[in-house]
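Comments concern the structure below.
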């Protein structure tokens, strides 16, 4: 069964994200990744609140960012998140482009795993609730 | 009865707090205020966790910052917090100095009020727990 | 002559702006103020880059924030900036509302003064460039 | 020739770095990495200002973070940075430990390359200035 989930949004670089070189400080891209990841998770009805209500939190255990071009004040960035793995963990890939030139600015990924809130145990297999949200398992599944 | 509480600490300006003028972005002083306020509250054994355990949260309802001189990368800042009011609300004054020259960089204040966690009601008078922590009321008080 | 400048925009509260009470950390409103201030300044063609090109920077010398209601994850906030003074300094007032309920969440102001980049001198009267941008002085003024 | 450079410092988790789970938001570790990296670079007399004065900036082109345990309010974190590569690029490894239990919390790396400020060209080999700072090349080298 094919799962093809992605989200995108536009971020206009705010002044407070700039560093002394007048470019976006590298750590701020973590926020851009999170914004578009939240949109992706919201689209499948599994945002932060719904995660918690389902009995799981999904901490990030691994994150990578590659910086290709630097962004400046007011620049519009098209941020894309694509679901890459979901069976044992949630891997999401990111690409950030200059909206105007289509030049790629940054890419990366995050990996999250489910942790049962009650037992505090990390799940080696994604819980059914995620599979149902993604439509790869039906309600009886 | 006299209450004379203050705290101080040194912050060395990190790179990530700088803006395109290579000075600390004005919003980051809110963090410096918080750091030294937390130290003051910790000194009287009433930090964030102890507040919550006492049944109250203390949201900030008013904050003011005045900027006198700008700080740069690596500069050591002496941050001072002084308790100013406590009977109906918690008012703390702040002053930030260049450690080397003693020049004043920033000053301001924050005002917090107690909110009862259960009832979600704002308290018009500071709860006894604060007065005991400050030593203005004894255990039987 | 009447000057009536304001700007507004909507911010959806991101996860990374939340604190342990699951509400927006009070310091993050400084960013919301800046975002809508930048929009106001951009509308009069006097954004950060244009300021620098005009030979002036406009540091904030005074800022106040009053917190009325707390905002939560995903909440849409309508942020409004209104020009309040411009003759000797730039004073901007802010109000932040819940977009859905129209309830007021936060208000405040910032005061900026012009500093001549070359001489590093603070200007006691706003330079003509601001008055022209605001339309209160013509090109020959 | 052996090059063995490392730096360490202690960070006490501030309130403003916490997320709704009352743990450090994953993006804030980028700041902890930067703080100890700046200390390492300062130790070899090649901090941000000295880089710029040497005619180069050193943007981060790749960063990875692995999250092992989560940190909470007031926890003291021992942050260690170790130089790993320097010939063609600057690779620094990081490890963050709980100071009390010695438990490892986070690890990761950053990779930086030199960019000539004048020509804006990325350098495929580290410029001599870095090698001299590291003591692997003498002044005449």
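Letters A, B, C and D name the chains as they come in the text, with residue numbers starting at 1 for each one.
As a working rule, a contact is a pair of C-beta atoms (placed from the backbone, for glycine too) under 8 Å apart; a residue touches a chain by one contact, two chains touch by 3 or more.
This structure is a prediction, so every number in the text was calculated from the model and none was measured.
With centres computed as the average of Cα coordinates, no chain lies farther from chain A than B.
Of the two interfaces, A-B and A-C, the higher number of touching C-beta pairs belongs to A-C.
Rounded to whole angstrom, the centroid-to-centroid distance between chain A and chain C, based on C-alpha atoms, equals 30 Å. Here the spacing of chain A and chain B, counted between their Cα centres, is 35 Å. Contacts with at least two other chains are made by residues 15-16, 20-21, 27, 30-31, 34, 48, 73 of chain D.
For chain A in complex with chain D, the touching residues are 20-21, 26-27, 30-31, 34, 48, 57, 59-68, 70. Chain D contributes residues 14-16, 30-31, 34-35, 38, 42, 47-49, 73-74 to its touches with chain B in the complex. The touching residues of chain A, counted against chain B in their complex, run 15-16, 18-22, 25, 27, 73.
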